Amino acid sequence: MSKNESIKSMEYGQNVVSFLMIKESDLKKAKNDSLYLDMILGDAYGNQANAKLWNADGTMASYKTGDLVLVDALVQKFNGRLQLRINRLRLVEEGDDVNIEDFVDSAPENPENMYAYMMEILADYENEELRMLTEYMLEEKKDRLFYYPAAKTHHHAIKAGLLYHTFSMLKLAVELAKLYPFIDRDLLFSGVILHDLSKVDEMVSNELGIVEDYSKEGKLLGHIIQGIVEIDKAAASLGISSECRLLLEHLLLSHHYHAEYGSPKKPLLPEGELLHYIDMIDARMFTMEKVLRDVEPGSFAERNMTLEYRSMYKPDWQA
Amino acid sequence: MSKNESIKSMEYGQNVVSFLMIKESDLKKAKNDSLYLDMILGDAYGNQANAKLWNADGTMASYKTGDLVLVDALVQKFNGRLQLRINRLRLVEEGDDVNIEDFVDSAPENPENMYAYMMEILADYENEELRMLTEYMLEEKKDRLFYYPAAKTHHHAIKAGLLYHTFSMLKLAVELAKLYPFIDRDLLFSGVILHDLSKVDEMVSNELGIVEDYSKEGKLLGHIIQGIVEIDKAAASLGISSECRLLLEHLLLSHHYHAEYGSPKKPLLPEGELLHYIDMIDARMFTMEKVLRDVEPGSFAERNMTLEYRSMYKPDWQA
Amino acid sequence: MSKNESIKSMEYGQNVVSFLMIKESDLKKAKNDSLYLDMILGDAYGNQANAKLWNADGTMASYKTGDLVLVDALVQKFNGRLQLRINRLRLVEEGDDVNIEDFVDSAPENPENMYAYMMEILADYENEELRMLTEYMLEEKKDRLFYYPAAKTHHHAIKAGLLYHTFSMLKLAVELAKLYPFIDRDLLFSGVILHDLSKVDEMVSNELGIVEDYSKEGKLLGHIIQGIVEIDKAAASLGISSECRLLLEHLLLSHHYHAEYGSPKKPLLPEGELLHYIDMIDARMFTMEKVLRDVEPGSFAERNMTLEYRSMYKPDWQA
Amino acid sequence: MSKNESIKSMEYGQNVVSFLMIKESDLKKAKNDSLYLDMILGDAYGNQANAKLWNADGTMASYKTGDLVLVDALVQKFNGRLQLRINRLRLVEEGDDVNIEDFVDSAPENPENMYAYMMEILADYENEELRMLTEYMLEEKKDRLFYYPAAKTHHHAIKAGLLYHTFSMLKLAVELAKLYPFIDRDLLFSGVILHDLSKVDEMVSNELGIVEDYSKEGKLLGHIIQGIVEIDKAAASLGISSECRLLLEHLLLSHHYHAEYGSPKKPLLPEGELLHYIDMIDARMFTMEKVLRDVEPGSFAERNMTLEYRSMYKPDWQA
Amino acid sequence: MSKNESIKSMEYGQNVVSFLMIKESDLKKAKNDSLYLDMILGDAYGNQANAKLWNADGTMASYKTGDLVLVDALVQKFNGRLQLRINRLRLVEEGDDVNIEDFVDSAPENPENMYAYMMEILADYENEELRMLTEYMLEEKKDRLFYYPAAKTHHHAIKAGLLYHTFSMLKLAVELAKLYPFIDRDLLFSGVILHDLSKVDEMVSNELGIVEDYSKEGKLLGHIIQGIVEIDKAAASLGISSECRLLLEHLLLSHHYHAEYGSPKKPLLPEGELLHYIDMIDARMFTMEKVLRDVEPGSFAERNMTLEYRSMYKPDWQA
Amino acid sequence: MSKNESIKSMEYGQNVVSFLMIKESDLKKAKNDSLYLDMILGDAYGNQANAKLWNADGTMASYKTGDLVLVDALVQKFNGRLQLRINRLRLVEEGDDVNIEDFVDSAPENPENMYAYMMEILADYENEELRMLTEYMLEEKKDRLFYYPAAKTHHHAIKAGLLYHTFSMLKLAVELAKLYPFIDRDLLFSGVILHDLSKVDEMVSNELGIVEDYSKEGKLLGHIIQGIVEIDKAAASLGISSECRLLLEHLLLSHHYHAEYGSPKKPLLPEGELLHYIDMIDARMFTMEKVLRDVEPGSFAERNMTLEYRSMYKPDWQA
């Protein structure tokens, strides 16, 4: 039996030994004062299952989100859903024939390619100042862009999700600039590329794209303000004109559109208006595709907080 | 001197005789009890000026929005803006060498071409029911689509503005369906084509695309509800499946997104989410292009009600 | 001992064998991995108690809301409330001397009589079109009106609750039409009769008046829109004038008054204004009577979600 | 020619001499520095017209709302509406054959009768404390009830409007108490009778029921708080039980229902819930009947501020 | 070993016998049907710990908040926090060498001194009426002021917390009256002293300053309305001028500023504006000091409901 | 007769020749096509009056806000208010015996003294970094602080109003830091000093403290964001620690408290909470003192937009 089994292929009553990634782990106390581990485990194919290890001890509090473990468990069912009763588990060790990357939700595009696409777009700019400034800021964050997610739990909470979100938005921006030719292409593209870049400073993520918390600066200022300060610094060191710097800062400041979502000014540039809608569309399409993925045709998905608690529907002809 | 002069070429102190269209006209009473006409006149080039005819009489109340008139006036200035002091005016007559169409703000695309584009899109559908239903409803309103505006005073308040708005949205929808391939193209396109179609029943417009008022049914139900009822009727007479009918009705119902703007349900289909954003983008881009058209680079436009009273900015490099 | 005992008469420590209806049932897992049933059971007198069956097995997941069961249980108390510890239970069988209807919360009026009252009111109309249309629509839903509740969990969630709500509102409407004689009686009465009628299509109820879920169409359109479409169809098939159809559709559309509660238009008819208030009054009086029923004089009832989390008070003189 | 002519019978070009009441009067300055009076005048039949007196002098600032004047004027028309150009006017004098009461909008019921009706209702109470307290408070305000309006400009802004509003609400309360028998009749009736009684202290009205301003106490406390304090005082001097006093104070406090309309507590008594809705219904019906009175069948009334800027509709069959 | 040990000094594995106060106590049922006590216990030094007594019996439901008990327990740890496993406990008895006052959170100032400070301030008034009325009302509530908290769970929920809150506000008011000399000192001070005084009637507190519930009058009217009625009564019995009474009542009515927080009128006196801000500042400073007390420098406190769910930060230099 | 007369001493019918400052000036067109100047003029004693110059010519459009003029006018009255009918006017000239400073509303404290007070406070800091950074930023804006107002039309719209507002707040902050000793004094004081400093970049003011407009950067970013960027720059050039810089930036970001007033984050420092309330108190006290200044005791002031349209009251004993 392979040690890299799909949860979907596990059968009731079977004993399995397989590598799985810890998505969530809690050491809890049962009413009889004994401890147990309550976990969500994920396989290398995007599936997850609840798992319990009864009669745990305090040392097991060290298992945490993102750990890859070898699990020996009995497959049970509860409320129609598969559940694992763990006999033993241990952390992955050197020599184990397994690749942790397989267990991580990642962007469906290769980061190198996405980054290269942005660079091509930049190479095509007419506005030299916008190109310089945008490229400069991208380079500074490049390393982290290759694995940072776009959010802790909202949309694009996957490895390189921030880069993927930016990349998808940019493709849409390219089309919009064609459809509305009065739009300043370079300004719009730079707005897209820079709009969330400071999320790499707002959140603390490991290299698997899993965010543990917001940073201190993230809590006290937030990525919009952090980004504006970064643009200001970069513009100063590159000698960028005040008009160019100011407009980019305004694009960042206004891109959430609503004051209660963090934008004290509404967009005063059409490029800012588009930036806001492109951002919304890409975030919503990502989440809607995800919640509808496993839904039966003619049925409703579960309510989703990011979608304002809506329960999306899949037409019956999408069999 | 031509009788079809541009207002921009008129000079202070000059006497002009030219055809102009009445955009607004009010018969007012001066403090000394005498009457005067207070008008906004437009030329064939998209420019407008205030005009006054002093010592008017009651019969002049018959001049109204949309009338083409031959004006004999003295060019004056007030508060830095050109103003016409009318000596005489009369309605256009047979034999006058002038084309009323030139004085009407119209969609920048030919209605025949826009309609043909929609037909091509429809011809390409895979979903036969959606095609039939959408085509059927379009045909029914075709005549009015060739001149109805999209609104009384908001965005696309121009001749064939409703058709132009739909056409522009459709082009954007085509691109979005490519970028998000899980989207049901035909469903999205039908949503776009039908979303505002019942505005031709909600408002009463003349053939120049000028709306005098909302219809009784428009005031009591509104174009969203009117549209849903129309889909229901059309589906019944064509024998369309209930799933297809229901989803289109839901797209109409939810396309304003917010309850306070007329949508009692939020979109439960990703196609509905896109429909809402496409609608917003096209409406906003139309208005923003218009308010920025004559603004000096480096300056702010006048506040605009449709843009939530924002005063848009034009970058100084867009000289 | 009778097998149809009132929960109020059960005593601590006693063993009881009685028919009870399952109001809620959940198969849960105890910390020691064993299963137990956690239920709310109701007697034939409107009382309810919590019940537990320890060491259940998976087959017991089949017990569900609305099932009538014969229960053998020990009466316990916890937190001052009676609780049943079930030893055995089985579904009611043929030959059991028990009537399931006794265990269902039902409208306090006989459906036949309530329906007959509406017919009398209709017989009295002066407006023939309103009478025809209203009667036609009532007849179509008549069967379901005899058992549908007015809501899943809100007010009038009882068997024939929708009919009872309509009946009570109609009696109030009759009085209001006398007090405000400028009101169009027939229009108001038809608004009352039709306002919630499409709830029989919005929800899926069994014949005991217990709603399991909203229908697909209910989720995507809602009873207001469904009702408007139904009126439109009925009016077309009966040849009703457009004025009459339009005003009824407007009454439905506006009867929730607030956009955020589903009415995109506010009432533009005084009859619509009254319809809204009659609806509110009857829903609130029903719920307030219920929450205050068992409250001690001089005390406050429990907070109630339907009453915006208010805790109602009963005067101390109402002993 | 009668000196008590209906404005509706005046004809264009005619010279009229008639008694009219000043509804509004402003002394304004024309651009040429001369003064003129700009007035709204009302006849004895409920009609109003704009009137102007050119070349006025400063002494004319003394004409004010509620003055009855003899007007000599030329009938003109402007924007399709009749307008009076006043040649001369003077205040009514002793010996003039005219009754000022005819020019005042008054409640359609005789105050004596309305008051007597309330007394009958009170005589019928079972709760002696409620009867005593309510009667006591009514007696104290009786004089002013005979002419006070219910508001400065909102609903029931007519002579004895406050009494009429209370009287109408009481008739509705009587019916509601029958339809919902768990309601405490006496408590509800006292709530109705007392709910707005302190408006006679909140506003300053002349004996024609015309309010010039709010009182100082009205501005700093408002009629709800003023009423509560009055109940407290009355209860103390009559030795009323604390329960009875408290519940009445709560009814007053909560009867506007919404905090933003002046009720810091929502009703915690079903009688308070009814009181709120009875108040709304009667206020709205009064205003709706008024705005629809002169509307053509099949047409919309003018937008009305009190009705949240709605434009009500009159069915075409109400010819 | 002392029987008055600090929870902080207790060590894992140790057996302790100590007096502790019950802050919360719940008799719960374990899944195996046995009962256990789940408690929060507090020592005489302001520290608290969770405690459990397994295999409790029904009589133990009599232990309640505020009871001082002698506890014999084993010190355990769970999730890094100390937890007590109780072997035995009993209520404090006569002869026990312990002072219950030590276990109660109390204002950091002596009530006598705080009361005396207010009296000094009053002695200094220029406005004799304000002095008389304020003193009169203070005297009436004096007894309860010595132990009532300012709230059930919000700010200043400690013994004599209401007095302490008033005292702190008064000191701030003294400074503000110096900085803004146009302010009427006496009016401001009386507003401060009286603003929350009726909380002693709105809530029911024991002499340890622990609130069990709101009073009936508190739920139906609230301390603002109760206070206004009290001022009115006091003014009547002292013969205070209507201006003085009215302004104090207005200060009470408006001091929450926002309608949704209970003030139907906004302040129309600058003294009322200050009163509102002084109240906010003192409440917020009290809570912020408390939540930050044990936070590590450079870290964030736990989210706090009273602070609108903010998580406050302590600068890293405050070591 | 003095040429520096108080408007209050001017009498009806009199001819005056006096220096007055133009507060507002509009060249308007009368109905008869002639031009006139419509102005608000102010004397050296803080009084203002409306003035009209009939039969003006186009050159007079050059008179503008802030010009000091010698006016020859006839004193008239209209609606009980004094009005000047100007015969002639000219700009002040060299040699005129008049001081323009007398005509400008200025802070009641000398700017040098206020600045010196801030320097003393700074000299007293314990936190050296905060001192350096704050002093550095103050010095940079010092020149403009000596004349900039705090707002265009809101509170402290007077010469050196920004400095005066900061100075008053600082005095209050000093007292608060004493009353709440856990507060970090230096942090609070720096927050006060810096909170609005970037208003000198947000608005464009002349040296009389009259703001003509917001700057481009002010419209696109606003003083909060501008201030944060400035702190960031200053901290970089002075080598300030990141903790110190971050906390000051957070204080600026959060000081408007509400998102809809421009603060995307609420204060997470108690010093930020105080800063917000100090700001509110000082702004409100300034405006309330002003609107009440000329109000009769026992009367209400005019409604004031800055005070949320409240009409403040002056007690009758403040004679």
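Order of writing sets the chain letters: A, B, C, D, E and F. Residues in each chain are counted from 1.
Going forward, contacts are C-beta pairs under 8 Å (C-beta built on N, C-alpha and C of every residue); 3 or more make two chains touch, one makes a residue touch a chain.
Not measured: the values here are computed from a predicted model.
Novice: For copies chain C and chain E, work out whether under half or over half of the interface numbers are shared, and give different or same accordingly.
Specialist: different
Novice: What is the distance in Å between the mean C-alpha positions of chain B and chain E?
Specialist: The separation of the two C-alpha centroids amounts to 62 Å.
Novice: Taking each chain's centre as the mean position of its Cα atoms, how many Å separate chain B from chain C?
Specialist: 48
Novice: Suppose each chain is reduced to the average of its Cα coordinates; what separation in Å results between chain E and chain F?
Specialist: Centres of chain E and chain F (C-alpha means) sit 41 Å apart.
Novice: At which residue positions does chain C touch at least two other chains?
Specialist: 31-32, 216, 219-220, 247, 268, 298, 300, 311, 313
Novice: Line, ring, star, complete or other: which describes how these chains touch one another?
Specialist: Topology of the interface graph: other, matching no listed pattern.
Novice: Who touches whom among the chains?
Specialist: A-B, A-C, A-E, A-F, B-C, B-D, B-F, C-D, C-E, D-E, D-F, E-F
Novice: In the complex formed with chain F, which residues of chain E make contact?
Specialist: Within the complex, chain E contacts chain F at residues 127, 168, 171-172, 175-176, 179-180, 182-184, 187, 243, 247, 266-270, 273-274, 277, 280-281, 284-285, 288-289, 292, 298, 300, 308, 310-313, 315-318.
Novice: For a test of understanding, state which residues of chain A touch chain E in their complex under the given definition.
Specialist: Checking each residue of chain A against chain E gives 27, 29, 31-33, 216, 219-220.
Novice: Using the touch rule from the top, collect the residues of chain E that touch chain A in their complex.
Specialist: Interface residues on chain E, with respect to chain A: 30-32, 54, 78-79, 298, 300, 311, 313.
Novice: With touch defined as at the start, can you tell me which chain F residues reach chain A in the complex?
Specialist: Spelled out, the residues of chain F in touch with chain A are 216-217, 219-222, 224-225, 228-229, 232-233, 236, 246-247, 249-250, 253, 259-260, 262-265, 268.
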